[in-house]
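Next, two complexes with chain A in common: one pairs it with chain B, the other with chain C.
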Partner chain A sequence: MAPLGRAIQWTAILVLLHTAYSTYEYLSQLKALDKPQDHIPVDVTIEALVSLVLFIFGTVLAAPALTEITWAKEMEKRTIDEMDSRLGFAGFKHRGAKFYGS
Partner chain B sequence: MEEEKASLIYGPHLQSNLSSVFNIKFLVFIFSGATAGVLGLTNLYGFLLFAFSTVLCAALVALVSCRGAPSKFVGDGKGMSDKSAWTSLLTPGMDNVWGFILTWTLFYGIVHVY
Partner chain C sequence: MASSLTVPQAIQELKIAQARGHRDSNEIVRKGLFVLEQKNGLKMLGEDVWDFLEQMAVAALDIGQLELADDCIQRLAEQFPKSPRVEVLQGQRIEAKDLDMAIKYYETLLDADETNVAAWKRLISVLRQQNKMDRCISELTEFLDTFYSDLEGWLELADIYASVNLYTRSLQALSHALLLAPQNPFHTLHFAETAYTANDIPLAIRYFLRTTELCGDDSRGVARRAWFGVRLCTKHLTLHPDSPSESATKPMSTSSLNALGELATERLLAAYSSTSEKAVVPGRKEVLKLLGGSGTSR
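Moving on to the complex of A and B:
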């Protein structure tokens, strides 16, 4: 999941760089022909927006998995005795003396 | 009552989720600023792209990372609710706004001015 996300992120970055270069080239052309530089070709615009969507998607995939914030989720990993040992009710008198005492 | 609701949340998970989502948002806004610069957007149109990328990012995080139930993963720590989860997902945060504007001006300068 994460490597796929990284791959999509890098693809999106490359697509954006391609878009940037295409825009720059197109604007240089317009500048050379003395035309007003007030627009960009439609396909370059679409390419830029597609790269944005791809990058967001790739970043979300590449992020580490989120864990639920409920206490129930944490308790799946632990036992109740670890969390609430009820120390006040702990008893220390047991039959060990009978087994190992003299 | 408030404390009861807050105590049902396991803090460390919430913290790690929030910082993970913040990282996602940070990268997304930097890239979206670059896109705004490359497209040559100015003023209102640039901030429209900002709003669009905020909404798209929040939607994708809620769908993919939070598996459709954002209240179980993010929030403000005072209780799990849809409203606080979506608010937390949709607010970009000041640092991210500046990051957006930074890459916006950078790429606009590189592509359109030079």
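Moving on to the complex of A and C:
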């Protein structure tokens, strides 16, 4: 899903660049013919809007998976051991050294 | 155990363990040694290498690997001379050998700076390890008077009181902890179970229900334990309705208690059922026996 989204995003960018170039070319043509540079052809405008829609579509597809935000869902992943660990007060005189010590 | 562990994965897991306060020292040392043994392991840590060394030092002390701890502490001392955090680490290293010397060391640190939180906590911890409960409790209450919002401290005080069977004082300490972390179902469960042990059943059932409320639709872990607690309380209250209760909480009506008992039974049965035909949830038989049995308040 994400690669498809990225591909669509890149297509939209290319379409936008094409729109920009078409606008530049049309306006320079008008300038060469000494006509007033007050409008852009309709199809270039439509192409710009199409590139916007494509980009939005691609971004939505390329978005990462949604994560849970409720406190209850976060608490589901925790254990009593980590909630009650009290590391600041943890003492070392226990049998851990017998099992794992050097 | 020796699964295909990659260095970035190990570093990520170590960071999570540090952020959440896991006390999984054996695993931390194993993963930390794995990272250290790789060629560019320390480089991949980048800026976090000092936090990593501190985590490794504490974990190594916890499982008794003193050379590894010495190595980490020495590197930290070279990088950060005169740092209070490193001084506390050195104190922890002394604790591993001689507790009395550790007490003197922490007292000198506290003479130099009275608000050294870490050193004060270590002093309290050493006093508890030496079983000097009077001094430990007075130091801890003084600490909590100064630093009220230290959740760890209130939980430790509750644990100390519970270990000497002063359950009502443990409840008071836990109530402060609940003020500091109101949305945490683990602490409400702790409170409810301490209330039950202190024989304050109406208070216990209130907090068991609060725990299930905080857990939402979850039927694993904490919520399941809370439903067991609700069932225990309803059984106790319906079987001994005339027992004198010194509880400050208003008791519930019999119909509510019966309804809650049925709800708890239904929730537990749901928790121990599975939708597929073949898979049986472990423990289902014992739970059915428990739920079906009547006349016992156990």
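One rule holds for everything that comes next: the second predicted complex is superposed on the first by the 70 of 102 C-alpha atoms of A that agree within 3 Å, B and C clash if a C-alpha of one lies under 4 Å from a C-alpha of the other, contacts with A are read in each partner's own complex, and residues count from 1 in each chain.
What we mean here is this: a contact is a pair of C-beta atoms (placed from the backbone, for glycine too) under 8 Å apart; a residue touches a chain by one contact, two chains touch by 3 or more.
In this text the structure is predicted, and so the values were computed from the model without any measurement.
Answer with first, second, both or neither: which of chain B and chain C does A:7 touch in the superposed model?
neither
In the superposed arrangement, does A:85 touch chain B (first), chain C (second), both or neither?
It touches chain C, and chain B stays clear.
Using the superposition on chain A described above, determine whether A:59 touches chain B (first), chain C (second), both, or neither.
A:59: touches chain B, not chain C.
Which of the two partners, first being chain B and second being chain C, lies in contact with A:71: first, second, both, or neither?
both
Now for A:101: first (chain B), second (chain C), both, or neither, which partner does it touch?
second
May I ask you to decide whether A:45 touches chain B, chain C, both, or neither, giving the answer as first, second, both or neither?
first
Residue overlap on chain A between the chain B contact set and the chain C contact set?
Common interface on chain A, chain B vs chain C: 70-71, 73.
Give every residue of chain C touching chain A within the complex, in rising order.
20-23, 25-26, 29, 58, 61-68, 92, 95-96, 99, 118, 121-122, 124-126, 128-129, 152-153, 155-156, 159, 183-187, 189-190, 214-218, 220-222
Within their complex, state which residues of chain A touch chain C.
Result: residues 70-73, 75-76, 78-93, 96-102 of chain A touch chain C.
Which positions of chain B touch chain A when the two form their complex?
8-10, 13-14, 16-17, 20-21, 23-24, 27-28, 31-32, 34-35, 38-40, 49, 53, 56-57, 60-61, 64-66, 72-75, 80, 107, 110-112
Over in the complex, which chain A residues touch chain B? Could you list them?
12-13, 16, 19-20, 23-24, 27, 37, 40, 45, 48-49, 51-53, 55-57, 59-61, 63-71, 73-74
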